[in-house]
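As written, the chains take the letters A, B and C, and residue 1 is the first residue of each chain.
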Amino acid sequence: MLAAHGTAVVSDALDLAGIDGQLWGPRRLSGHGPVVGPAFTVRFERVEPGTPAAAADFLDDVPSGAVVVLAAGSATCTVWGDILAEVALARGVAGTVIDGLCRDIDGIREFDYSLWAHGAFMRSGKNRLRMAAVQQAVELGRGEESRTVRPGDIICADGSGVTVVPAASLAEVAASVDRIAAMEQQVLEEVRAGGRLRDARKRHGYNLAARQPTGNHA
Amino acid sequence: MLAAHGTAVVSDALDLAGIDGQLWGPRRLSGHGPVVGPAFTVRFERVEPGTPAAAADFLDDVPSGAVVVLAAGSATCTVWGDILAEVALARGVAGTVIDGLCRDIDGIREFDYSLWAHGAFMRSGKNRLRMAAVQQAVELGRGEESRTVRPGDIICADGSGVTVVPAASLAEVAASVDRIAAMEQQVLEEVRAGGRLRDARKRHGYNLAARQPTGNHA
Amino acid sequence: MLAAHGTAVVSDALDLAGIDGQLWGPRRLSGHGPVVGPAFTVRFERVEPGTPAAAADFLDDVPSGAVVVLAAGSATCTVWGDILAEVALARGVAGTVIDGLCRDIDGIREFDYSLWAHGAFMRSGKNRLRMAAVQQAVELGRGEESRTVRPGDIICADGSGVTVVPAASLAEVAASVDRIAAMEQQVLEEVRAGGRLRDARKRHGYNLAARQPTGNHA
């Protein structure tokens, strides 16, 4: 189960599979513990000043257990707030990942709703952004750190950030996650028993648990 | 009362009035809950290396209930610390907003003093910055996000950031805040009772609660 | 004792000595209270994509009481995690300062292990970075904010960030720290007793406690 481990092990499994699945940008602003669920994607685009654009009404269509993924680009206005968080929580939505900003962060933290975003601000997206696509592939991040998230890809997120496991690679990644987590547990038990870290790592093949990455995100 | 609501509703009311009153940059580093009060403004400017410049002595003149607003530009040294916070707290100052940095953040958090800044650091502003103006209009932020704050403008701030309501627009903005907050409460009660979010928003005119912004801060 | 005071007083003492010892970049992500200890330095460098590079095995050599200082440049992968933190904590290591990123921040926070870094992420440094030097002088930060840390330099860090006292200047800086802290205590007692801040500062020579800085880090 991906949910039992954090993003570090998932990231190592993605590295092993040669998949660039780490999302640069969104950091945890609310909630606690690892969150795992299929992505429900929404893309926003800017509107010209003076163009009326209604607030995005997609939340009624998000299934329980999903993670809402909002692609708002580099907008300096917000696409999520406390009413949405309260409704999402009541309907069993697992969390929200925003490549962009959220508002009402005090209320969202009171709910302990799981949220990742670039930051909190208060300026509304209303009449500044419009919903351009729902449940289609979205691009998050920019430049070298640009990543595509497709509806149904598995989002794994915790305090260290957000990873994306492509739906087609889930079985492969999940198997690696189990192997890596078991190996790390063995290393940990050996050093807890007084062993040297470098000996324990060598004995349990710590450095074999990752292949050379295909890109160079050093 | 502006104090009863957070910055999101104030920001929407500013949008309705066509006022760009959201401050980009300062984020909450200490304290909790919404803070509202008239701005007491101080502007700093850099001094040439080698020029002695005393610490800014303005705090004795700040009235109870005011929010100290410090314009320190892009300096990488600090203009606020724990002695100032302790004195401010004892005198009933409502909080401090810094377009710049503060030091002693551990002590300030122990006081739970309300503070917004770009971040915490420890390098003193002494002999690096000098107080250039007190209780005059100050510019906060840069470029498209530059905003003027005048003494007596009303600062409304919470965990999502800082907004500024020009003193001359207070009555208009406060009336909108009450209307918007009441409308949002109705939407919330309807979805809490099991209604769909998009129906509730439509019924209560959610999207009418903002006019087209004059600028394009998307 | 440097440990009894925070980084603000240490920074003022460094200013008095004409030493640029403030580290721009790493902010506290875990732990609480001031941390003081001699630096144990490690430098990382990028490897070409496709080059295997083992995880850095240096922790067995870090003495109790030391602060691990990791120079990872602008890499967007991580050089510290929860296994390292657990081992470090068990061996009495005082904390870790990273010019770079760490992973597993949730677990590290559960340990309350003292850590400063640019941020948390999850992408492994394995096969992206290699350990290039241990216990040699390292450069942290960039441009005007670049600083050299040598093995045995004293790291003083708290919630406001990280300062470095060169080993050769420790006696001079420590003496200034004591003087400055005593002076600030007098100012504080006078304002607590109802005095005006500007009078108390003048009486106790607050503005004499710093000389003109040699650089201009305003």
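Operating definition for what follows: a residue touches a chain if its C-beta (ideal position, glycine included) is under 8 Å from a C-beta of that chain, and two chains touch if they have at least 3 such contacts.
Here's who's who by UniProt: A, B, C = Putative 4-hydroxy-4-methyl-2-oxoglutarate aldolase.
Remember, predicted model here, so these are calculated numbers, not experimental data.
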Residual chain clusters - chain A taken out, nothing else repositioned: one piece
Chain B against chain A, contact positions shared by both copies (same if over half, else different): different
Whole-Å separation of chain centres (CA-atom averages), chain A against chain B: 30
Of all residues in chain B, the ones touching two or more other chains: none
Residue numbers on chain B that touch chain C, as the complex places them: 46-52, 54-55, 57, 59-60, 75-78, 81-84, 86-87, 90, 103-107, 109, 119-129
Touching residues (chain side chain B, partner chain A) in the complex: 6-8, 10-12, 15, 22, 24, 27, 32-34, 145, 158-161, 163, 184, 187-188, 191-192, 196-198, 201, 206-207, 210-218
